[in-house]
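The structures considered in this document are given below.
The two complexes that follow have chain A in common; it is paired with chain B in the first and with chain C in the second.
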Partner chain A sequence: MAKHETPLLDQLETGQWPSFVTDIKREAESRAKNERNIEYQIPADVCEDLLGVLELSFKHGRTHWKHGGIVGVFGYGGGVIGRYCDQPEQFPGVAHFHTMRVSQPAGKFYTTKYLESICDLWERRGSGITNMHGSTGDIIFLGTTTPQLEEVFYELSHNLNQDLGGSGSNLRTPSDCVGQARCEFACFDTQALCHDLTNEYQDELHRPAFPYKFKFKFDGCPNCCVASIARSDLSFIGLWRDEIRIDQEAVKAYVGGEIPPNGGAHAGRDWGAFDIQKEVIGLCPTECMRYENGKLEINNKECNHCMHCINAMPRALRVGEDRGCAMLAGAKAPILDGAQMGTLIVPFIKVEPPYTEIKETVIEPIWDWWMEEGKNRERLGELMKRQGLQRLLEVTGFAPDARMVQEPRTNPYIFWKEDEVDGGWERDINEFRKHHQR
Partner chain B sequence: MAFISSGYNPGKPMENRITDIGPRHFEEFYPPVIKNNKGKWLYHEILEPGVLVHVSETGDEVYTVRVGGCRLMSVSHIREICEIADKHCDGYLRFTTRNNIEFMVDSKDKVKPLVDDLMSRKQAGGCYKFPVGGTGAGITNIVHTQGWIHCHTPATDGSGTVKATLDVMFDDFRNMRLPAQVRISMACCLNMCGAVHCSDIAILGYHRKPPMLDHEYMDKMCEIPLAVAACPTAAIKPSKVKLADGSEVKSVEVRNERCMFCGNCYTMCPSMPLADDVGDGIVLMAGGKVSNRISAPKFSKVVVGFIPNEMPRWPTMTDTIKRIVEAYAAGARKYERVGDWAERIGWERFFEKCEIDFTHHLIDDFRDPAYFTWRQTTNFKF
Partner chain C sequence: MEYEEAKQKILDGLTKKLKSKSKFYFNDLSKIMGVKPREAKKVVNKMVEEGLLEYWSSGSTSMYGMPGTGKQAAAEHED
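Moving on, here comes the complex of A and B:
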C-alpha cells in the first residue's frame, strides 16, 4: 500500500515511453523492502514522499519546492543546490532535498563498476534518484539532507576519485560530444580538450569568482551535437581548412543506389532513388560542387564546412586533414535581452596538448576582461554586446577578420580613436580662424 | 537509522580533505573497441532505427544500440542498465547529450540478442523500459529540466510533459519517416536552464502573473536590495507598507506591467511567490536548430503564446505538437528542418498548415531587435 495516493501520476504509468512514475515507485519499493540491509542515511520513504509532493503539484498546478538558504561543502562555492519542501509536515522524507552535481567524465562513457559504485553511494546517503544527466552535463544526485552533503563529498573524493561539478557564478562543468571516440566527423579530440580544461580550471569551477555562470562546450564538427553554438559562453567547434577527402568509387556506389544516403537516416519512407544532383550538389549552400562524367569535384576554397555533403555520403566523403577548431563566444538562452548565438572570435586554431594558445590567448584574457568589466549577472555575450566585438578582439589580440561578421555595419557611425586619425584631435582654433571668419 | 560516518570529521573539515580532482579520466571508461579505434573511424550507417554501425580503418566495427531514457532515473534502473551492459557489452556503456543510453557491442551477431533483450523489458504499466530508437530522420529523446520534481520556479512539470509528448510521438522515436531529425526540448520556465531556444520544437513553461507580495515577512525573510537588484526589467522598487494592524514595514512594490515573469525575485526572496494554477502554462516554440548543415543555426520562434497546464497528460499541448510534426512531415523536402521548411513556405503558411491561430502575442515587442522581426517587404503570400 503506497504511502500517498497518486491518481494523477498513476495515469503516467501507461503508454509506451518509459514511465518515470513507475521508476520512482520501483525505487520506493526497493527501499521499503531493503533486501540488502542498507543503513539508509536519509528517510527510507523519501521516494514515496517525492511522489506525494509531485502528485500535489499535479493537483495544484504549482511547485511545492522553495529555494532555501545556501548549503554546500566546505571550501567550495558550487556543486550543491539547496532545496526544501514547502509542505515538510506532510512529506517529511523530502523536507530537505538538496541536489548535488557530480562532474561527469568527458564523453559520458562508463563502466558498470563505476556506475554501481555511484548507485551504492547514492542509495545509502541520498534518495536513490538521479538525473543521467543534467542539462549542463553533470551526473545529478537528486535529494539528500544537509548532514549528508559532506559525507557524500568525502566518499566521492576519497573512495571514488570523483569531484563535484559547478553551480552558481563559476565555470560550469564543461561537456563534449562523443567526438573521435566514435565519430568519423570529429576534427579534434573533444574528450581530451574537455578533460584538460576541466582540470586546468578546477579553481574557477569550484570557487565562484565570476560575474555569472560560464560554460565551455566542445563539438567535434559543425553538426554541433552538444549545441555548443547555442548554449556555451565559449564554444569550440571542430573544423578542417584543407580539402574534403573523396572516395570516387564510393560516390558512384551512392549514385548507383548501393549505399543508402545519409547513413540510412531516411530509411523509414520511400523517398525514391538517390539523386546526387538534387540531394547533394543542389543543396550545397555555396554551390561549390559538381558531379560530371561519374566524378565528384569540390571547389574546397569555396566550401563553408556545412557538413551536408559529408553527412549525406559519409562513406564517400571525409573531413580534411588540416584540422582544428573555430571558437565562438557569447551564446546564451534568452534571459534577459533575448537569446544570443555564439559569435565567431577565432576562425581557426590548432587543438594540440597542452593547448597553451587556447588558454593563454583566448580563455584567460577573456576571463580577465569579463571579471574586470562585467556587471553582476552579466554573461559574456551581454558584455560583448555592451562593449562591442572590437573590444573583445583588443582583449584577445586576434586580428579583425571579415569571417567574424555576417555583414559589415550599415551605419557609418564609427567611433574613431584619436590615434587612428592623422595629427590627433588637438587643434588650434586661432589658426583655424585665420582662414575662417566668425 | 544510525548515522554512519564516511570518515569526514566535522570538527576538522580540512583534515585529509581531497579537493579539485575533477572528473574521472575518460580513458578509464572506453570499451576496448573504442580505445583501439579512436580517431580511426571511417564511416557509419544506421542499420535500423536505434542501431548504428561505425566502421574503422582497422577493420573493426562497433555496433551501437541507442535506447531512450528518462533523464530522471533511479539507482534500481541504473543497476538494470548495468546488468544489461554486463550481459551484452562487457560492462561498458555511455549516455548521450540527449539522455539516451548507448549500448555498444563489437560484432553484428551480438546486436539482435541485445535489441531483443532491451525491447522485452517492460514496466508494470506496459511501458518499455528501454525503447530502441532515436536515430536519423525521426524524433529522439526530449531533453528537459526538473519541473515540479525539484525546482522552485517552474511554470509546469518537466518529466510529465515529456512523458505525455513522447507517448504521443512514440512511433517517430521508433521510425525514421520524417524529412530530417526533429529535436524537441523542454524547459520549465523562461530561464531555460535547459537551453531550448534552438530546437525544432520547444516546450516552455511560462508564468503569467507577477509575484504576490508577502509584505509582513518581506523584510524578515529577504534582503530587500537583493530582491530589487534581481529584477531584470527593474520592475521592483523598495517601499513602505502599512499592515492591517497599523504597523509600517519595509517591503517592495512591483510595477506589474513591467514584469516578464522570470521568477528571479522569488529566487532571491521567498516572500515573492509567482506560481499560479491558471496563470501558469506552456509556450510552444518552433523552427530552431543548432546544426550548421545547409543553413545557419537559428532560434526557435514562439508559435503558440499559451496553453493551459492540463495534468496529467497536457492533451492540448501534445495535439498541437503532433499537428506541427504531421504538417512538417507532409510538406517539407528531404533534409529540410522544421525552421527551413517554415522559412521556405513563409511563416504565414506555417500557421495555416499547422492549423494554429496567429495572435498578437506572437509579434515581438521586446526591446530593439523586435523591429527587425516585423515584415519589411511586400513579398508575402495570401
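Moving on, here comes the complex of A and C:
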C-alpha cells in the first residue's frame, strides 16, 4: 500500500493523457521492490514522500517548497537549484530535494549506453526522476540530498565526461537544433558553434555575474526548430544570401504528382492533387515566385527566407550556397515585461571557426553593455526596450540597417546628438542677430 | 584596485547592511567596489573560492551572501 493516501493526485491519472503521477508511482514501486539491489544513497521512499507533499499542497492550496537555496558544487554558481520542503518531519524523503541541471550534448545526440549510465547514476544517488528535457534543453535530475551533490558531480565529470548546465544569473546551457548532422536545410554547423561557445564561455556558464539569465540558441535555418527567435536572448538563425537552388525537373515531378509534397507529411488524409499555384506560389509571403510554362522562377531579392517553398518541395528547392546566419537579440518569455520576439541586429554573418567575429564583435560588446547597464533581473530584451535599439547600435558599433525595423516609424521627431550636427550646439549670437531680431 | 582592498570593501559593505539584508545581487558588489563588472567578477570569484562569499540561487536568479548569514542558513546546512 502507498505510504500516503493521494486521492487528489489520483484524479490526475483519470484523464486521457499520460500522467506524471503514474510515472512517479511506478518509480516509487520500483524503488520499494529494488529488484536490482541498488544501494540507494538517498531515502528509498523519496518518490512516495514527493507524492505526499504534492497531495498536501493541493489540499492546502499552497506550496510546501521553500524558495531557492545555497547549495551547489564547489566553485559553481549554477547547475544546482536548492529545493527544501517545509514539512520535513512529515515527508523526510524530500526534506532536501535539489534539482541538478546536466548540460545536454549538442543537438541532443547521445547513445543508449550514455542514457543508461546517467539514469543508473541518478537511480543510485538521486530520486530516479528525470525531466528530459528542460526548456533550455538540459537533462534535468529532480531531487537529491545535499551530500549527494558533489558525489553526482564527481561521477558525471570523471566517469561520464559530462558537465553541469547553467542556472541562475548565468549563461544558460546553449541549445541547438540537430543541424547538418541530419538536416539538409541547416545553413551552418549548429552543433559545432554550440559546442565551441559552450567551451569558450565556461566562466559565464558556471560563475554568475550577469543581471539575469542569458540564453544562446542556434537554429540551422529559419524553420527555427529550437525556436531561438522566441526563446533566446541571442538567437542564431541560419540563412543564405544568394539564390534558392532550383531543380526544374523535380519541380515538374512535384507538379505531376510523382513526388509527394512536404516530404510525405500530411499523408493521413487525401488532400487531392498537389496544386503548386495554391500551395506554394500563392502562399509566398513576398509574392516573389511564379510558375509558367513548366518553369519555376524566384525573384530572390524579394525572398524573406520564410522556408515555405523549400519545406513544400524539398527535392526541388534547396537553400543557397553562400550561407551564414542572422543574429537576433532580446527574445524572452513574459516575466517582468511581456513576451518579446528577437530583434534583428546582424542581418548576415559568416559562421566559420574559430568564430572570432561572432564572439568579439557581437557577443562580448552586448554582454559588456548589459552587465554595466542592466538592472537586477532585467533581461537583454528589456534593456533594449528601455534604452532603445539606437543605444544598442552605439555600443556594438553595428551599422543601422533597414532590415532591423519592421515598419516605417510613426514618430516624426529626430533627436540629433551634438557630434552628429555640423558646428554642434554652439553658435555665434552676434552672427545670428544680424539676421534675426530679438 | 588590489584584491585585498576590494575584498575588505565588500566584507565591510556587506556587514554594514546585514541588519536589513543578507543576500546581494552581483551589481551590488560591483557598486560597493566601484569597479566595472568584468573586474568585479575576478574579485568575487576569488572570494567564493576562499569561502568568504557563497552563492544563493532561486533557480532563476543568483545572489551572493556571506556564509552563515541569513534566515535560511541554519536550515540549509547539514548540522
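One rule holds for everything that comes next: the second predicted complex is superposed on the first by the 405 of 438 C-alpha atoms of A that agree within 3 Å, B and C clash if a C-alpha of one lies under 4 Å from a C-alpha of the other, contacts with A are read in each partner's own complex, and residues count from 1 in each chain.
By our rule, a residue touches a chain if its C-beta (ideal position, glycine included) is under 8 Å from a C-beta of that chain, and two chains touch if they have at least 3 such contacts.
As the structure is a computational prediction, the values presented were derived from the model and not from experiment.
Enquirer: Is A:T146 in contact with chain B, with chain C, with both, or with neither (first, second, both, neither)?
Expert: second
Enquirer: In the superposed model, does chain B or chain C contact more residues of chain A?
Expert: The partner making contact with more of chain A's residues is B.
Enquirer: Is A:L50 in contact with chain B, with chain C, with both, or with neither (first, second, both, neither)?
Expert: first
Enquirer: Based on the superposed arrangement, let me know which partner A:T396 touches: chain B (first), chain C (second), both, or neither?
Expert: Neither partner.
Enquirer: With both complexes overlaid on chain A, does A:R26 touch chain B (first), chain C (second), both or neither?
Expert: In the superposed model, A:R26 contacts chain B only, not chain C.
Enquirer: Would you check which partner chain A:K66 touches, where first means chain B only, second means chain C only, and both and neither mean what they say?
Expert: Both: A:K66 reaches chain B and chain C.
Enquirer: Touching A:N170 in the superposition: chain B (first), chain C (second), both, neither?
Expert: A:N170 sits against chain C, while chain B stays out of touch.
Enquirer: For A:Y212, is the partner it touches chain B (first), chain C (second), both, or none of the two (neither)?
Expert: In the superposed model, A:Y212 contacts chain C only, not chain B.
Enquirer: Determine, under the contact definition given at the top, whether A:S235 touches first (chain B), second (chain C), both, or neither.
Expert: The answer is neither, since A:S235 touches no partner chain.
Enquirer: Quick check on the superposed pair: does A:E372 touch chain B, chain C, both, or neither? Answer first, second, both or neither.
Expert: second
Enquirer: Where on chain A do the contacts from chain B and from chain C line up?
Expert: Chain A residues touching both partners: 66-68, 75, 99, 147, 203, 376.
Enquirer: Of all residues in chain A, which touch chain C in the complex?
Expert: Touch list, chain A to chain C: 66-72, 75, 77-78, 80-82, 84, 99, 146-147, 167-170, 203, 207-213, 368, 371-372, 375-377.
Enquirer: Going by the contact rule set out above, which residues of chain C touch chain A in the complex?
Expert: Interface residues on the chain C side: 25-27, 36-38, 40-41, 44-45, 48-49, 54-62, 65, 72-73, 75-76, 78.
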